[in-house]
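Each of the next two complexes has chain A plus one more chain, namely chain B in the first and chain C in the second.
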Partner chain A sequence: MPIISNVTCPVCGSLCDDIEILVENNKVVKVKNACGLGESKFLNYNGHRLRKPLIRKNGELVEASIKEAIRRSAEILADAAYPILYGWSNTSCEAIRVGLELAEEIGGVIDNTSTVCHGPSVLSIQDVGYSTCTLGQIRHRADLVIYWGSNPWSAHPRHIERYTAFTQGRFQASIWYRYLAHLSAYRARRRLLRALKLSSVREAPTIEAEAGLPPTLFRKERKMIVVDVRRTRTADIADYFLQVEPNKDYEVLEALRALIRDEEIDMDTVAGVPVETLEELADVMIGCKFGVLFFGVGLTMSMGKLRNIDTAICMVRDLNRYTKFIIMPMRGHFNVTGSNVVSTWQTGYPYAVDFSHGYPRYNPGETSVVDILARGESDASLIVASDPVAHFPKAAVENLVRNPVIVIDPEPTPTTLMADVVFPSSFVGIETEGTAYRMDHVPLPLKKIVEPPSGCLSDMEILQRILAEVRKIKRETAEVA
Partner chain B sequence: MKVTLLTGRTLRQGQGKEYGKLSERYLKSVAVCEMDPDDMKRLGIRENENVKIATNYGSVVVKAVKSLRAPHPSAVFVPYGPWISLVMSSKTHGTGMPSLKGVTAEVNPAPTEPVLSLPELLKRHFKKE
Partner chain C sequence: MDIAIKDGKIVEKVEGKGVKVIDASRMIVMPGGVDIHSHIAGAKVNAGRMLRPEDHFKDVEVKTEKTRSGVGHSIPSTFTTGYRYARMGYTTVFEPAQAPLKSRHTHEELNDTPIIDKGAYPLLGDCWFVLERLAKGMIEECAAYVAWTMRATKGYAVKIVNPGGLEAWGFGGNMRNIDDTVPHFNITPREIVQGLCKVNELLHMPHTIHVHTNNLGKPGNYVNTLETMKCVENLAHGDKPVIHITHCQFSAFKGRDWHTFASGAEEIARYVNNHSHVTLDMGQIVFTETTTMTADGPFQFILYQLTGNKWINGDVETETSTGIVPFAYKRKSYVHATQWSIGLELALLIKDPWKIYLTTDHPNAGPFIYYPKIISWLMSRRAREKVMRKMNKRARQKSLLSTIDREYTFYEMAIATRAGQARALGLRHKGHLGLGADADIAIYNIDPTSVEPSKDYQLIRRAFKHAAYTVKGGEIVVKNGEIVKSVDGKTFWVDVETSPSVDEFVPRLKQVFEDYYTVQYENYVVPEHYLAVSCPVHTKAEI
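And then the complex of A and B:
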């Protein structure tokens, strides 16, 4: 039985490339090294997929031939005055490149999912720049790891184990044993509390009773801090969890900046956090040898958006006067970084690129899909490997489905249910090879481990055929005219 | 009751998604509202009873579940998905990104209203000619 090793997991931006897969009769039967998310994708991807192209006729989606579906899509796109091409973070760089060519050909707007997750991070990186490095550096050297507004336990389950606190680096030891001690203490405390609550003791002490930072934070070894608006799973395993009030990250970041620069703060608390705690935290940050701040959509999606990232980057810049500190966004989908990178090589801009003038134009807030949809300006759309119907606000979805929607996706989703043309594609990284970029901008190869079902083309092939057909239609109309 | 609505990813939502977005498992993993047990008591809701989340932009019915991450009084958490998207604003304040975290909302018991399945939800809210 063939075991395929060094497979890259096509699920989240950590892109773990050490997965081992056992294949029997063209089926994945066993997965090793992957986390819960990765494993359920490898084992279940085939259970619920699209197999035939669909076209909407008289209000119903009916099966069609691939040729018919290509022709229909090409007609829709060639006819449209202001089409949008959206998705791209769950496909290969090769497919994205064809998508950009298509966008230019039809004068559309091409945008990727970073517009609704780390778009603000990109904007502020363009504004103030940032200091960063690869995950390998962090694994071997970082002695202070901060996750801010990000919950890797749930969204990037192996990030901590592979790249940060629980990994055995060359110069930094793993701290998982501390986590175990921490966890059993936490459990014991919970049990005690529950017992106290049940017994007649009226005022049970609360868990949050301890003040100040725990002593482990002042040790030389690796340490991990989580900052978030709620106590996440990741927070449970950290050495210290700092809870800030919702929408107040900006205040906390600015306060920390002031403290790092040795300025006084004339208040007792900031966003619910005592200033003394922040002072200690600033000391820990200054005192580390190599710190890293990972930030998630908790910062980009709450009030302040890109301004939160601006200050986070500026704080890291301030810290670099005393020590080495870097900052990195926790990118979600496996190739969302790739969609930014490919778009930047080809057009000069990372997302929200508008070709309607014949040359690329970029103005997020105007040329970003949610805004275009909210204003009701687009008249057709092509969605690749993404599900805007499930994730966009209602008003945007209403305008999306009012016009023709073409979807390329291996799986049925709310968006395919509302589509006019649906192409079943093969799974990139399982049935098709390609390239994807990890969150630290390291490109990794995606493998083909099984054959796709017959009739399922790759995203890239489908896009190439639509592009060829659009060009043909254009030639035909030019000849008639 | 007035609450701050937080949204995000969960491990169960990520796994549910891999079982297919039209699966029961996906519905169970995202059409939920994680609440502080004390808030639930205050509203008189028990685990798995229906609640209605309403904002200025819309409303939706989901199941209330006890948060394992309490205490977080008057903050509720709902995983990303088609249900919660119905109450989000499409304003992006010039950034391209709608605000999905820290939205002010109203949560109330809705014993008589059902949690819509995905096809029903799409039919009810979006028209396709």
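And then the complex of A and C:
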């Protein structure tokens, strides 16, 4: 029975590449080293999937040959005046390369999911730059790890264990043992709450927000702080949890930034946090040897978006006057970083690239797909490994499905149900190889560990065939004319 | 004289029907241009592209039948990079700063860079393996590691940037001089340079070590640069160079601070004129807006503090760092005008054109599209004086240029833009038009018998900007400055043959790999099929 090792997990932006997989009769039967999310992907991906190309005829999606589906897609795209090509965060860089070529060929707009998650981070970075690094730097050097508006324990389950607080680095030791202490405290609290419930006390005791940080934060060893609007699982294992009132991140960041610059703050509390606490937190940040601030959609999508990230980036930049400090977005989809990377090297821009003038144009807000859809300007779409029907605003979805929609996806989604052509593709990183970029821009190979079902081509192949067919149609029309 | 081409090579003669003939009479024919140091691909370059949409807006390339679209300006997209080099008659370009951990990225971009042949230099001067082995005097094991790295990252040369300084930058520190000690590693920059120089010789690498000195961009650094060249003086055998000091302009500063800042070109030139173990490239400043990007994180941090411009820092675990800051060189600034002068002084005071090559350290001192301008400055005193009239007065008065009459001949220019660089890189089939050479040819529309570069420098500029023809591997890719065909260039990398006992080192490497990196050993290695057109250069090591 072949055990395949060093497999990269195609689920989240942590892109763990140490997964071991046992394959039996072209089936994944056992997964080692992955977290729950990763394991269930490897074990269950094949359960619910598309197997045949579909084309909408007389209002119904019916099975079709791959050739027919390619021809139909190419006709739609070659005909369209302003098509959009969207998705790209759950596929390989190799497929994205072809997608960009296709977008250029048909004069369309190509955009990836960062338009709806970390778009503000990209814009902020374009405003002010940022100080960052690869995750190994954090593993070896960071003595202060801050997660702000992100909950890795649930969304990037191995992030802490592989890259930050619980990993053993050259200059910094793991603090997993403290986690055990936190965990038993957490369990004790849960028990207490349950006990209180049983004894029919209605009101659970709220934990008083104490001013000042616990003394543990001032020791030399590695420490972890979580800032969020609610207590998350990650917060439970942190050395300190700073709870911020919803949509008030900006105020807290501004206050911290002022304190780091040694300015006075004329208030007692900011967003529900005593200024004294913030003062101490600023001291901890200045006093560390190597600090890192990870931020998630909790910060990019809460009120202020762009301003939040701008301020966070500037705060980290200011901190570099005193010590080493790093900031990094927690990217979700396994290759959302790659889709930015490939788009940038081919076009100069990381997302929302408009080829309608024959060259790359970039103006998020104008050339971003959600906005184009909101204005109802596009007249066809190609969606790759993404589900805009479920995630886009209603008005955008209405305009999306009013025009022909082509979907390439291994899995059925609300978007495939509304599509005019559906291609069942193989799973990248399980049935197809390729390249993906980790959230810190480290490129990693994705493996093919089992054969895809017959008839399921890779995203890249499908795109190549559509592109070739589009060119053929263009030649045909040129000859007729 | 005729040049015959067959199967991508220059041959004695070709016969038969259907032979295509290019009439290059009254034109200059040169081997395709070779660029030894230009940041065109990889993580750092791409971070620069992402950082600067404003750099691209006004400089676009529209898609054509033959070409993909793209953008400039200082950090052009990959397709545009390939086309623009080809239009200038350049056919070989080396990316000089590849973070080994991110090699895949570099190669993905190089695959998307059309026409030109290329290669990349892995950054090794701050790698933990290297520092540890050298600190213990384990030269052979270090050599085994470097050989492995070339294969694993598909690299071409040993690149050293601010040796020791980048490791120190991991905690916000830097190296003050060549004898400073790297924190935690008990080694000095001098020992790193010497060690890797020895390693390079043991491995018979085609190129020398390629060094970006400590203290780059700081007043007074020329002393450190001289020390760096001197420290490998006695590692040289015969006249063969053993060290390349890159973008030397940035490392030839005199003065205690920015007020007393001055040119150290004379001292550097004197040393280089008297020694044969070193080659240089210019890193010539052009007065324009550009993007600075180096692996020298601490230097870029200083630049950010000086300018207040936006700043990217990107450290890479156990290996290196990166910094990016947009920058504008202004002719009215004393410092910038002096820097402009330093580059040209170096190129004009160093007598032997085989020792100093034309670069702008693209895009650090200016985008590569300005090479024709620099060619005109080297070939025409008048062209230089025209710039000087408009530049900062104090800088003009102090500049040595007014005392230098030298003007490059076409022959010298060909050495500084191709022959010298090809020789330094050990590319035997490039940089000349002899039998067996690669049929990479640039034809410029200038009649050397009637044109006087000294006076007609505008003409020179125009001609070098748009080659009349560029032939790559025997195919016409550019005609009248336009791309007529796009081909895939090769990627060179060095495949060092070591003795079998060296392979025993790999298991030892694997053991520590997990402790050092956050990726698996197997996933770190870039397989050969990853390169669009792989071209290994074989050498045999003494180990």
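A few remarks follow.
Heads up, the rule we're going with is that the second predicted complex is superposed on the first by the 458 of 481 C-alpha atoms of A that agree within 3 Å, B and C clash if a C-alpha of one lies under 4 Å from a C-alpha of the other, contacts with A are read in each partner's own complex, and residues count from 1 in each chain.
Convention: contacts are C-beta pairs under 8 Å (C-beta built on N, C-alpha and C of every residue); 3 or more make two chains touch, one makes a residue touch a chain.
As the structure is a prediction and not an experimental result, all values here were calculated from the model.
Residue contacts after overlaying the shared chain place A:Val275 against neither chain B nor chain C.
Of the two partner chains, neither chain B nor chain C is touched by A:Cys314.
In the superposition on chain A, contact is made by A:Lys289 with chain C only, not with chain B. Residue contacts after overlaying the shared chain place A:Gly47 against chain B, while chain C stays out of touching range.
Shared-chain residue A:Asn340: touches chain C; no touch with chain B.
After overlaying the two complexes on the shared chain, residue contacts for A:Ile265 are found with neither chain B nor chain C. Once chain A of one complex is fitted onto chain A of the other, the partner contacts of A:Glu411 are limited to chain B, with no touch recorded for chain C. Within the complex formed with chain A, the chain B residues making contact are 4, 6, 8-11, 14-15, 18-23, 57-58, 69, 72, 75, 77, 80-82, 85-102, 118-119, 122, 125-129.
Residues 11, 36-37, 40-41, 44-45, 47-48, 56, 59, 111, 115-117, 119-120, 123, 151, 153-155, 157, 229-233, 246-247, 297-298, 300-303, 305-306, 332, 351-352, 364-366, 368-371, 373-374, 387, 389-398, 401-402, 411-414, 417-418 of chain A are the ones touching chain B in the complex.
Across the interface of their complex, chain C is touched by residues 5-6, 8, 17-18, 93, 97, 101, 104, 122, 125-137, 139-141, 162-163, 168, 170-171, 289-290, 317, 320, 323-324, 326, 340-342, 344-350, 355, 357-360, 362, 435, 437, 441-445 of chain A. Within the complex formed with chain A, the residues of chain C that make contact are 41, 43, 45-47, 49-53, 55-56, 60-63, 68-71, 75-79, 101-102, 104-105, 108-109, 112, 170-172, 184, 301, 304, 310-318, 321, 324-325, 515-523.
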